[in-house]
Every structure is written in C-alpha cells, then in structure tokens.
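Every chain is named by a letter (A, B and C) in the order it is written, and numbering of its residues begins at 1.
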Amino acid sequence: MTRTNWTFAAFLVLVLAGACVAPFLVKPYTLEILIIFLINLILVCSYRIPAMTGDWSLSHVVMMGVGAYTTALLSTHLDLSILLTVPLSAIVAGILGYIIVLPMIRTRGFGFFIASFAIGEFVRLTWVKFRDVFGGPRGMIGIPNGEIGSIDLFFATPSYFFMLVIAFICLTIMYRIDKSRIGSTFVAIYKDEELAEAVGINVPHYRALAFATGTFFAGIAGALLAHRLGAVDPKGFDINTMVYLIIWIVVGGSATFWGPIVGLIVVTFAFEWTRPLLEWRPLLFGGLLIFFLVFLPGGLESLLAKIRQRLVPGQNDDAAASPGTAGE
Amino acid sequence: MALLEIKGLTKRFGGLLAVNNVDLSIERGEIRGIIGPNGAGKTTLFNLVSGTFAPTSGTITFDGEVVSGKKPSHIARAGLVRTFQRNALFPSYTVLENVMLSRHIQSDETLLKAILGTDRRDEEMNRARCREILAFLGLTPYENDLAENLAHGHQRILGIANALAVEPKLIMLDEPVAGMNPTETATVTDHIRRLRDEWNMTVVLVEHDMRTVMETCEYISVINFGELLTEGTPEQVSANPKVIEAYLGSEELEI
Amino acid sequence: MDSATLLQTFANSIVAGSIYAVIAVGLAMAFGVMKMANFAHGEFFMVGAYTVYVCYGLMGWPFPVAVLMAIPVVALLGVATERFIFRPTRENVLAGFMATAGLALILQVLIGQIWGVGLMRSVPTPYMGALDLGGVRIGWQRVLVIPSAIAMLFALWYFLYHAKAGKALRACAQDPETARLQGININRMTMLAMAISGALAGLAGALMAPIHPVTPYMGHGIILTAFIVVVMGGMESIAGAILAAVLLGFIHTFVTTLSDAVTAQMVGVACMAVVLIVRPQGLLGRVKA
C-alpha cells in the first residue's frame, strides 16, 4: 500500500467511527435528517454511473420511486421482510431501467435528457392513473418501517444503523465499479464514442448497462425511503425533486466518485441552515444551480483539485475518470 | 480464401453513388494500398468496411464471416480494426491507460468481477502486453504522459497503438501519415512493414499521399469515382495511363 | 361520442393546438439558434399570464393592452436569460438547460411570494358570451385564441422571411460559423432569438390567463407538453413544431374527453417515445450529416 492509500484508509475509518457515534450525540430531529442523508447518498452516487458514459437522465428520481412503490406493494400485500423488499425493489428498478433505456439509447446528450424526462414522466403518471394498484395522486400509506429479527426499525437509532450498513455496502460496490475496468469503459464511451466503438466496445450495450446499474441502486434508495417514511406518493418523485438531485451533482461535480458526495453534504448543510427562509429557499437553490453552472462548471471537486495541485505540484493521480459536466 | 473479401459493394447517398460495385480481395499477410484522388470514395469504402455505414448492396466477408451491415464494435471483435484520420484518443488518460482502455475485448470484464475485484490479475497481463505494443511503436518514453499532451506525430502513432491493443488480424489505417514531416512518415512506414514482418499482421493502407503508398505496399488498388479503376504492383499502377489521368484530372500528381 | 361532443372536442383541439404551437415555436426557435434549451419556458408562459393578471385583473387596463404588455415584459426576461445564462454556458447545451431549471425555481418563488402561493388568481373573462355553432357553444375567449395564434405565427413567418434581422436569424440558425463570417453578430442574434422566444411564450400565457388557472406553478404542466411537441417536430424545425403542436392538441383533447387528463398526458409522452425510436430526428427534422 502506498502512503496515499494509508491516508485514505485512515480517513475512511475516521468517517465510519464518526458515523457510528453520531446517533448518540445528536438531537432526534438531526438523526432523522442523517437517515435521509444516507438514503440520498446512495441516490446521488448511483446517478453518476450512467453519467460516466455521458448520459445524464431526468428519470433517476422516478426510478427511485419505482423502488419505493415496489417496496410499498411487496410489504403491504405480501408482508415481505425489509431484507427482501430492498433487494427485490432494486432488481425491479434495474430491470425497468434496462427496458426504458432501450428506446432512449438512440438519443444522446440533450436528446437523452429530454427523452428520459418524458419516459420517466410516463412511469410516474401510471402511479397517478392506476388508483387501485398505486393509490392514485395520494399514493400509498401504511408501509411498515421494517424489522430485523426483534429489532424494530421504527426507532431512529436502529434504523440509522441499518441505513448506514446498506449505504456502506452500496457505496463500496459503486466505488469498485468506478475503479474497475468497466468503469473505465464507461468513461471511454464519454471521452470518444466513435473510438470506443472502433476498439470493440459495444457502446449501446454498455450505456444500457450503466443506466440499469444506476437505476438498480436508485431502487435501493427508494425502497429505504419508502420504509422510513411509511408512505409514497407520485409528487415526491416529480421533476422538482429531480432538480434537487441535479443541484447536488452540479454543486459537487461529477468527474470523480467523491464529487456528488461533496455536493450532497454541502447542499444538505445549506438546506438545513436556510430553513428559516421558508418558501424563499427554492430561490436560493435555483440561484446556486445557476451560479455553479456559469462560474464553476466542474463543481466544488474541481476547486479542490485546483487547490491540491497548487499545494502539491505535479501530483495528478485522480485526473483519469472525469466526465465533467456532460457535453452534447 | 482471402482474409478480406469484398463483392459488389455499393453505397448510395440519396442520388449520389459514392461506391459502385467494388470487388476487392485481400490476402493474409498482405500490405495493401488503396489510393485515389480526393472524393474518389476511399473514405466511404473505409467506413463501409469498418461498419460505420451499412452498404446499399454487396457483401463484405472477413475471415469467413459476413460482416457487412454489422456494427463497428462487432467488426473489431472479429479482428478487423481501423484507425482514424483525426487524432482519435481518450483525452485526460495517459498513453499507457489509452492502450489499456482499447484492450477492452481482450479483457473479459463483467460487473461481478469488478465488484469482487478478481479482474486485477488479468489487468497485470494486459498491462504487460500494452507495454510491449508501446515499445514496438517506440512510445515507451511517453507512456505516463497525458495523451493530449503528445506531439501530433506521436498522437497519430498512439492511434495505431490503440488499434493494436485489440489484437487485430487486419489493421486498416486511414491516412496514417497525414500532417507528418518526412522523418515521422519514415518512422510510420517502418512500423507498418514491421507489423507485417514481425507480427504477421495484414495491413490495409488507405492513403492520399501516393509516395508513401508506393514505398510501403506491394499491391495497390486504385479507386476513382467510386469504382475500382485498376489494381497492380506499384510499378504497374504508376505506369498505368488511366491512373495518371485520374490524378492529373484532379491536378494532384505528386510522384 | 355524439356529433355535438365531437364538434366541441374538435374545436377545443384547435384551441389547444394553437396555443401549443405558439409556445413550442418559441422553444424551437431558441434551440435552433445556438442550441438554447430553455427549461424555464413554462415559467415565461406563467409570467405572461401574471402580466395580464396584474395589468388587467388588478389595475383594470383594457384586456388587449394587458396582453400586449406581456411582450416587453417576457421578451426582456428572455434577453436577460440569454445574457446571464445561455451566453456563458454556450458550449454546453445541458448546462444551459439545467441552469434554466434553476431560473424556473427562482421565477416560481418570486411570483409566488409577491402575489401569493396556492390560491389561484382568477382573471375575469373580458369577452363574455359564446360562439354558437349549430348547438355547440365555444366561449369567445377561447375562439379568440385561434386567430391570435395564427396572427402571431404569421407575423413570425413574415419577420423570418422578409425582415433583414429575420433573415440573419435564419442564417445564424442554419450555420452560425458562416453567418459570423458574413458579419452577423451572433450575440445579438441569440439575444433576438430569446426575445422572440420569450415574447411568444408570454403572449401565449397572456391569452390563456382568463381561461387557465393562474398559479406560480402553471408553467410546470406546460413545459413537458412543449418539449414533447418540439422533440416530435424535430427540435429546430419551426414547421415541425407547428405540425406536432396541432397533432398533440388533437391527441390531448380527444383522449382527455374520452378518458381523462392523466391518460392524455401519458399518450402524449408515448407518442414522443415512438417518434424518438422510429424517427429520432423528429417528424420534420433534418438528419445531421
């Protein structure tokens, strides 16, 4: 192991240790926020997987909703345990993701963005339309918080640790994908699609794979959210929520694995601090989105990289995978 | 049977007949030149063979498999790999990483392997082979440089290295010496010959520059107005009045 | 469906189609010139409606004057959007699009905080009564939409094909590089395109104000429809946008009458998906070489 690896390992241990003691130090309200934060962590990291190939979608939050609705159906009708609903919801979201991406694959860049908006909206509208199955505009209620053995996840502390374990597993897997050859193949497609095809990369296949992998993890986030909130409704997965996901990514950056995480942390803090602003808050976040896209398109991570380059000249280890803000 | 067999290949763009009923047959171990004046249909022919366009009619058989109408990635998998006229590379990756990325087919990657981390050993073997390719093309001193920081000539050679990483049976080069000075051109023609002599590769060279083709290839096919004008050795072709006329017609005779 | 309902639905389809056309043409125009994809186009529509609410509903100006006021108000908004969002993000279509999503949030909050959220603003109907077509009655306010839309589209066509600035704008849409070499100022053209695009959205909103619930979030429902129309028509094609708008006007209205609004929305989205699969360049779009 190199020195950088040791520093990284030490940092990781520190973060995990902090995460383990946190629930005993914070107020109940803050703990609820931390639980939602862990769910959002899975969501924001999963968004980056298709974005690595250059495919930015507007249907990601809807796919999270697919996970949430699957969990709602499975746990209210079949009474399945949370240990089954979460993976099953992920599989359903992954498969549906693979199906909806097939027509979208013919489009690229902006076209893909709009196509995913429309197809996502189609999926969302089915929840509004089929009242008997999905509860219509008011959604579904009475989803259990889940139990593991005799531990009731209704209580915030066990729920928090459950989410922490799941988030840790998901992030580890996504990190491995990011650093693996498949991750590099995804980025190769973003860098030069024509060259990627020429060296034998089946571009549509890998784009679909990246998309479905992303929706798989979005499905996990949705399942966890449904269990935690106990209710789902179509409004919660609409374009407004999607815009907030975009804000996290844009603020943090999407070139490395850490960008979206940084963005989520910063925006979550900002969101809580500005609670007194009430209805004026969206204005602030709309402004934030414009500010970053216009003045700092690489997000905070590009700022950090610049600072690091200035402090340690000549070091250039993480420069590899860098989709940046997706192009046309 | 020949390695690459093209029969009656035709491509029509609306009313324009870009490639008309072309027959070509390229044997294993050949260095074949395909020349023609600008707008003769060389690039279209190139794009048809590499799978960028589907032909209007005709068949392309590579190594016993009909590949006409197949996607470029499929054709690359079959062992026919192309390079680009532009400097095609993966920016913000180093030279070695570029070649590693291009070795996609040779590295049996799956999501499961990625998650379990069992793809590391294969990657070591891949890396060794990629270093061999870079050494062969004289790019070893630059292996840790970012691809986009290379000089133009080296970027073009990196394009060839990326194609070689696929381990092709046939490599099709699209104007490999365009924009190069005489020294660089000599290096590339040397690489092409060694590819065939030392690595038993079949090379198809689509070139605009007559001199390079004359010096490198044993057999040349001349395309004009989308049709096969003539074929023969460099001596036969350069002595053929029809070829001279074609090039004179476009005022590009550079011999 | 009896003949009276059929006629009624037919008339409503034309009204819907005309308004979709005006909105979508604005969107397509901005996209045609330097690929400006405006997510806040629906909010421009909303601001147009609020202009009428304020000028006519609150201040009591004559209705036509209030409608015309929407032109400078929303055109100015379009120009500002071009200058501060689209120009700095010109090389990245997605960035401009996402940034205008931020602008949409800002406009929703601003309007909502000034004139109230939740409650819908009722704009009194200026033209009472209805046109009677053999037993089928269509409110004059709705009828008015059709000639207004046609007049706007005709004015736009005249401008693009006969005015000097309009010709320059078309040249710029076809090939910005050549246009620039011919001495056309690209920045001025993008600004002009956004001004027209904004004015069209604003006018559409202004006309709809008396017959559409006016809320800060009314742009939401419009933006998806507008993008469906533009994608179906072929992104940059104005004629395509008009064709697709009329088609979608009929599809939406008929499905709404036969089934419900949610189904209509779903059918619209499905139509777009089919166009994307079968003909990704859109109905009247050109294939890029």
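Operating definition for what follows: a contact is a pair of C-beta atoms (placed from the backbone, for glycine too) under 8 Å apart; a residue touches a chain by one contact, two chains touch by 3 or more.
As the structure is a prediction and not an experimental result, all values here were calculated from the model.
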- Given which chains touch which, is the overall layout a line, a ring, a star, complete, or other? line
- Higher-contact pair (C-beta pairs counted), A-B versus A-C: A-C
- Query: Using mean CA coordinates as chain centres, what's the subunit B-subunit C distance in Å?
  - Reply: 49
- How many Å are there between the centre of subunit A and the centre of subunit B, using C-alpha atoms for each centre? 41
- Query: At what distance in angstrom does the C-alpha mean of subunit C lie from that of subunit A?
  - Reply: 33
- Which positions of subunit C touch subunit A when the two form their complex? 35, 37, 84-85, 88-89, 91-99, 101-106, 108-110, 112-113, 117, 220, 224, 227-228, 231, 235, 260, 262-263, 265-266, 269-270, 272-273, 276-277, 280
- Query: Which residues of subunit A touch subunit B in the complex?
  - Reply: 173, 176-177, 180-185, 187-188, 191-192, 194-203, 209, 213, 319-320, 322
- Can you name the residues of subunit A that touch subunit C in the complex? 56, 103-104, 106-107, 109-111, 113-115, 117-119, 121-122, 125-126, 128-129, 239, 243, 246-247, 250, 279-280, 282-283, 285-290, 293-295, 297, 325-328
- Item | Complex contacts: residues of subunit B adjacent to subunit A | 50, 71-74, 76-77, 81-84, 88-93, 97, 100-105, 107, 109-111, 113-115, 117, 119, 123, 146, 162-163, 165-166
